[in-house]
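Single-structure report; data block below.
Each chain carries a letter (A, B and C) given by its place in the written order, and its residues are counted from 1.
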Amino acid sequence: MMSKPLQLHEDRLLPADPGIRSIARALYAEVAGLPIISPHGHTDPEWFAENQPFGNATELLLHPDHYLFRMLYSQGIALERLGIGQSDADPRESWKLLAENYHLFRGTPSRIWLDWVFAEAFGFEVTLDASTADLYFDTITEKLQQADFRPRALFDRYGLEVLATTESPLDTLEHHAKIRDSDWNGRVITAYRPDPVVDPEFEGFADNLARFGEITGEDTMSWSGYLAAHRNRREFFARSGATSTDHGHPTAATANLSPAEAQSLFDRVKKGGASASDAELFRGQMLTEMAAMSLEDGLVMQIHPGSFRNHNLQLFEQFGRDKGADIPTRTDYVQALKPLLDRFGNNADLSIILFTLDESSYARELAPLAGHYPCLKLGPAWWFHDSPEGMRRFRLMTTETAGFYNTVGFNDDTRAFLSIPARHDVARRIDCGFLAQLVAEHRLEDWEAAELARDLAYNLAKKAYRL
Amino acid sequence: MMSKPLQLHEDRLLPADPGIRSIARALYAEVAGLPIISPHGHTDPEWFAENQPFGNATELLLHPDHYLFRMLYSQGIALERLGIGQSDADPRESWKLLAENYHLFRGTPSRIWLDWVFAEAFGFEVTLDASTADLYFDTITEKLQQADFRPRALFDRYGLEVLATTESPLDTLEHHAKIRDSDWNGRVITAYRPDPVVDPEFEGFADNLARFGEITGEDTMSWSGYLAAHRNRREFFARSGATSTDHGHPTAATANLSPAEAQSLFDRVKKGGASASDAELFRGQMLTEMAAMSLEDGLVMQIHPGSFRNHNLQLFEQFGRDKGADIPTRTDYVQALKPLLDRFGNNADLSIILFTLDESSYARELAPLAGHYPCLKLGPAWWFHDSPEGMRRFRLMTTETAGFYNTVGFNDDTRAFLSIPARHDVARRIDCGFLAQLVAEHRLEDWEAAELARDLAYNLAKKAYRL
Amino acid sequence: MMSKPLQLHEDRLLPADPGIRSIARALYAEVAGLPIISPHGHTDPEWFAENQPFGNATELLLHPDHYLFRMLYSQGIALERLGIGQSDADPRESWKLLAENYHLFRGTPSRIWLDWVFAEAFGFEVTLDASTADLYFDTITEKLQQADFRPRALFDRYGLEVLATTESPLDTLEHHAKIRDSDWNGRVITAYRPDPVVDPEFEGFADNLARFGEITGEDTMSWSGYLAAHRNRREFFARSGATSTDHGHPTAATANLSPAEAQSLFDRVKKGGASASDAELFRGQMLTEMAAMSLEDGLVMQIHPGSFRNHNLQLFEQFGRDKGADIPTRTDYVQALKPLLDRFGNNADLSIILFTLDESSYARELAPLAGHYPCLKLGPAWWFHDSPEGMRRFRLMTTETAGFYNTVGFNDDTRAFLSIPARHDVARRIDCGFLAQLVAEHRLEDWEAAELARDLAYNLAKKAYRL
């Protein structure tokens, strides 16, 4: 097998029609170099606090990327062989498995992101396959020892203006403190993700509540103390740079209980072992409580519903969370959000960003909701839909009802650090292609498209996340 | 800020590919000037009965158009400032708010319709923005005083062959009578929309029933008298020109109760305060009763389900119905329509036109149903989906299973009078583009596309609505 | 009326953009002539066992094709006039009804398949319409008497490498035996479709169980005997060439009961008259049992859920099953498959091919499931979605998450024999068009697209079905 040349075409992902492409190319040229606003993601702040070199190709690119190992697993490759879990697999051997099976990723966004990383970040000129696996592993691993491949250098090299991570209220945020106290100017902020102390079905919920009390000095066994602990911790997060909260619930259900009902519910769930319906109701009530606090402290709310987490029971028991076995489910917003919206929906000072894994809700529910309620905006195509076709469908199905200005630009939502610039580049190309089509069909003037291209690539994210 | 030139491009909304566009252009040229059949809408018949001038730009274009004020509201602009509700806002100031925020409508159909009105109806050559707000307001308001901008003149100017409005059974239809008795030849007909006396959850349902009895001279407190009142009123509507009925239910549920069960249900709901399940069952039973009456009197049935009306509680309490806060919901047809279809589904003399706000039902449920049952046809892309991409998705997802001849042409469904020709023009362009693509891919011959273009633009609506 | 020329354009169904088309044309040229793998369908094995001539145009093309008569029926043409059911309609008159109404099929796949059959198989050079109805009927009926239009000759002429039919466990497979024992080399295999003895709501279920016992010599009134009968019969099918089983359930529900619970459930359903919930549970349990047996005997499982069978009650009572009145329903996979997946999901030796009639599940559920679980693959766009746009949506909505290699190539799933080569040709053209677009947008290299085109047209089906 002869490996083939690897080259990123300058027109990649732009529409194929020559007329539309030339419009798209002009739009893209004006936004390609804009700084990156990354307001939602899951990179590890310790990378930037400690600025230690990444270990090797497998640790950098395969282990943190569940998109990669889920696909390999789907074709019968055991996770242990990929070094996932308590595995002592040789990283080079794991890398070879990726290389030999790289054809599985044809047509997927992972392939686009990886090729960008290979060509752009590491300068490869041949494709990854079985014959180049060692070359790749050695080259990447070697470069990672160089100063200009350390986390902070890569952050600066790729023009990240701001990068948000996501932390639990139980986190000390010590890495963020260290970053702020350092002489490096990179802006790495946190986001308040209270699932471990808000979701009664989260592993160790009761223990988490106890720890929440210790950290905040509040009586988290009482409803009022518990709420005070949130206020306390949100303030700490905001002082550490956070401008948003993040809520990863199974559904978008909200509730609007009376204080007495809420207290009684809290008393039922606080010791663990809550019923499924109490757990769902409590999560829903907490979204409304979080909205109330957002009106006080100005943090933007993000709601990420609709994932059936850890669907694969055996895998969860053996390997734990976040191993590529989360599966989207049908998600209702119209009934689910009503309790919260009945209370706060008309308040333009509140900002709630909605995401979905159920594309059937784009045109039917989300665009009509965001095109009416002052407090609602739409997050970008998320997770499995963070892809060229996913982004196109998002624009095609939301724009006509919600417009562009009820959307918030792009989120990468990744723990694979080097894919961040690759992902933002994909989003900019797809959005410019979408705008170019509107111009080509005389539905938008070229000067409007140019304004919009900058808004979608940069301004909207900055404004929506109050950055 | 310098305002930009406004010009409607002759190829707007046609596919961008030069080969497809030239086919589409030829198809469109043959249908662009066909008369307009508008078989379903919500304009005010008083306009045509009295033929008084429209007041000013804001009254003509902003106040009747919930697409416009919902978008402005979504960005935090209070409805009072737009003159909605019991507001004494200066119409010029409301107009300025629209002008300053006109960029919000980029990529939306509202923008397309408005630009058509601005350029085509009022002759503007610069775009609407903050700097031209006064020019627009003054010019429009002034022109509206001219004879050729009165309702009947505009009706004639834009080639409306027939325009249907929608009235409650409680309506006197006096405006329609006045139109018929006048020396003007415009055909403005009504449609029978019985929701106020069919939906136990409609505001004032019990009072409506009483009034229904007074108008018809039937005992509407008995089930048989209630049905007789419908027959009576349907006949009156038909004599006043109606060829259709219209049913705007929350779901598509139908029922097929025995006469005894139906009577007992009626007795439970007739005094108001019906349970949610009784209300739903009664609406469902009434769809089946309406189908039975349609077989007697020949009125075509339209079913418009799936909107969660007045989702925004505070807004409803302050401003009332139809303020842009209706949100689509997931809608089932397969189970829901079965009771009605079990009774009448195989009767080719019955004609039921189905609409949806849930596009996931197009290919999965609606096209298979309409492609089988003789009594079913599909209404066009509706409401939020009455848009270029919405129309494309409708054709893409229904044609392969239902064909073109189980659809009924275009409905504008609007209360914004001047958008009617603009909307029909959009539909004709999009359908011609769709047909052109089929020709370009050699899936249809050009002579077939030419026939179909006329059918979709004119013939199918006329035939389906028995006009 | 003058009939028009009929000609299959060599570029039909390829993308219209000249750049993409030329890439697609090159890809298609390499796969157009590959042998046909038809791993799932419903042709009659007797045709190939007896090799008798097909009767006439109507018997060959109209009677076995519910796509055709459902459309004619939807426009008010009685099934009796088409010769469906106990009708003595003159086949020539039925054919004329098809001819006169051939315009109804514009934009549908039926039209594409039929035109292929007319032009390619029978050499017509004018289109079918009222004026050519007799010419068509006579020519086709005459040719069918020729030796080269007998079933085996057509099988060979169109390059079928393997054709699978579908039989009930109660079938003797005598036709398959006769084919194997003949001197003809065509490979016609069966597939195990146990619905009549697995679905307690199937007509004659209790009688079927009794017959199942007679055929297998097992005590099918006991749970263990019933399972043994399946093992017995699966082995017989496998020896007769079957490589797969097929399960056409209303939903995708699976269950994982304890042996005692399963036995008790079996005892409740075995005599007929099962409750709806017991019937559903039993079907679900049997999917899991079938998976267990597949791990023993290596048969590939196909799950075809989501059709509301015989939705039209009157039609079912008068004409029976499969008369074009099956309607798709919303279908859940995430919850439904979990019991089976909890037990066998991580076993890479098991192969389950999932189909859907609910396209909203492609990107949301099916691609994420198949892109993770080793035992799952995705079947092609099915039934109403076996169409150019249906196939495009399938690739657009599954590829980015599941890739190409978790799909299984094309199935024709038809009882209309001559449409088989037509359908495979459509699939090859659409897939090549899809790949060409990826190449044109620089998301795939041309050498990869060439590999993929062969995989999608031939290799994947052969591998997935273990042929």
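Everything that follows uses one rule, which is that a residue touches a chain if its C-beta (ideal position, glycine included) is under 8 Å from a C-beta of that chain, and two chains touch if they have at least 3 such contacts.
What you are looking at is a predicted structure, and each value in this text was computed from that prediction instead of being measured.
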Topology of the chain contact graph, where touching chains are joined (line, ring, star, complete, other): complete
Same-site or different-site touching of subunit A by its copy subunit C, using the half cut: different
Rounded Å distance between subunit A and subunit C, as computed from the means of their C-alpha atoms: 40
For subunit B, residues contacting two or more additional chains: 17, 360
Residues of subunit B touching subunit A in the complex: 4, 9, 11-18, 70-71, 73-76, 103-109, 111-112, 308, 311-315, 324-330, 357-360, 384-385, 387-390
Subunit C-touching residues of subunit B, taken from the complex the two chains share: 17, 19-20, 332, 334-335, 338, 341-342, 345-346, 348, 360, 363-365, 367-374, 376, 396-397, 399-406, 437-438, 440-445, 447-448, 451-452
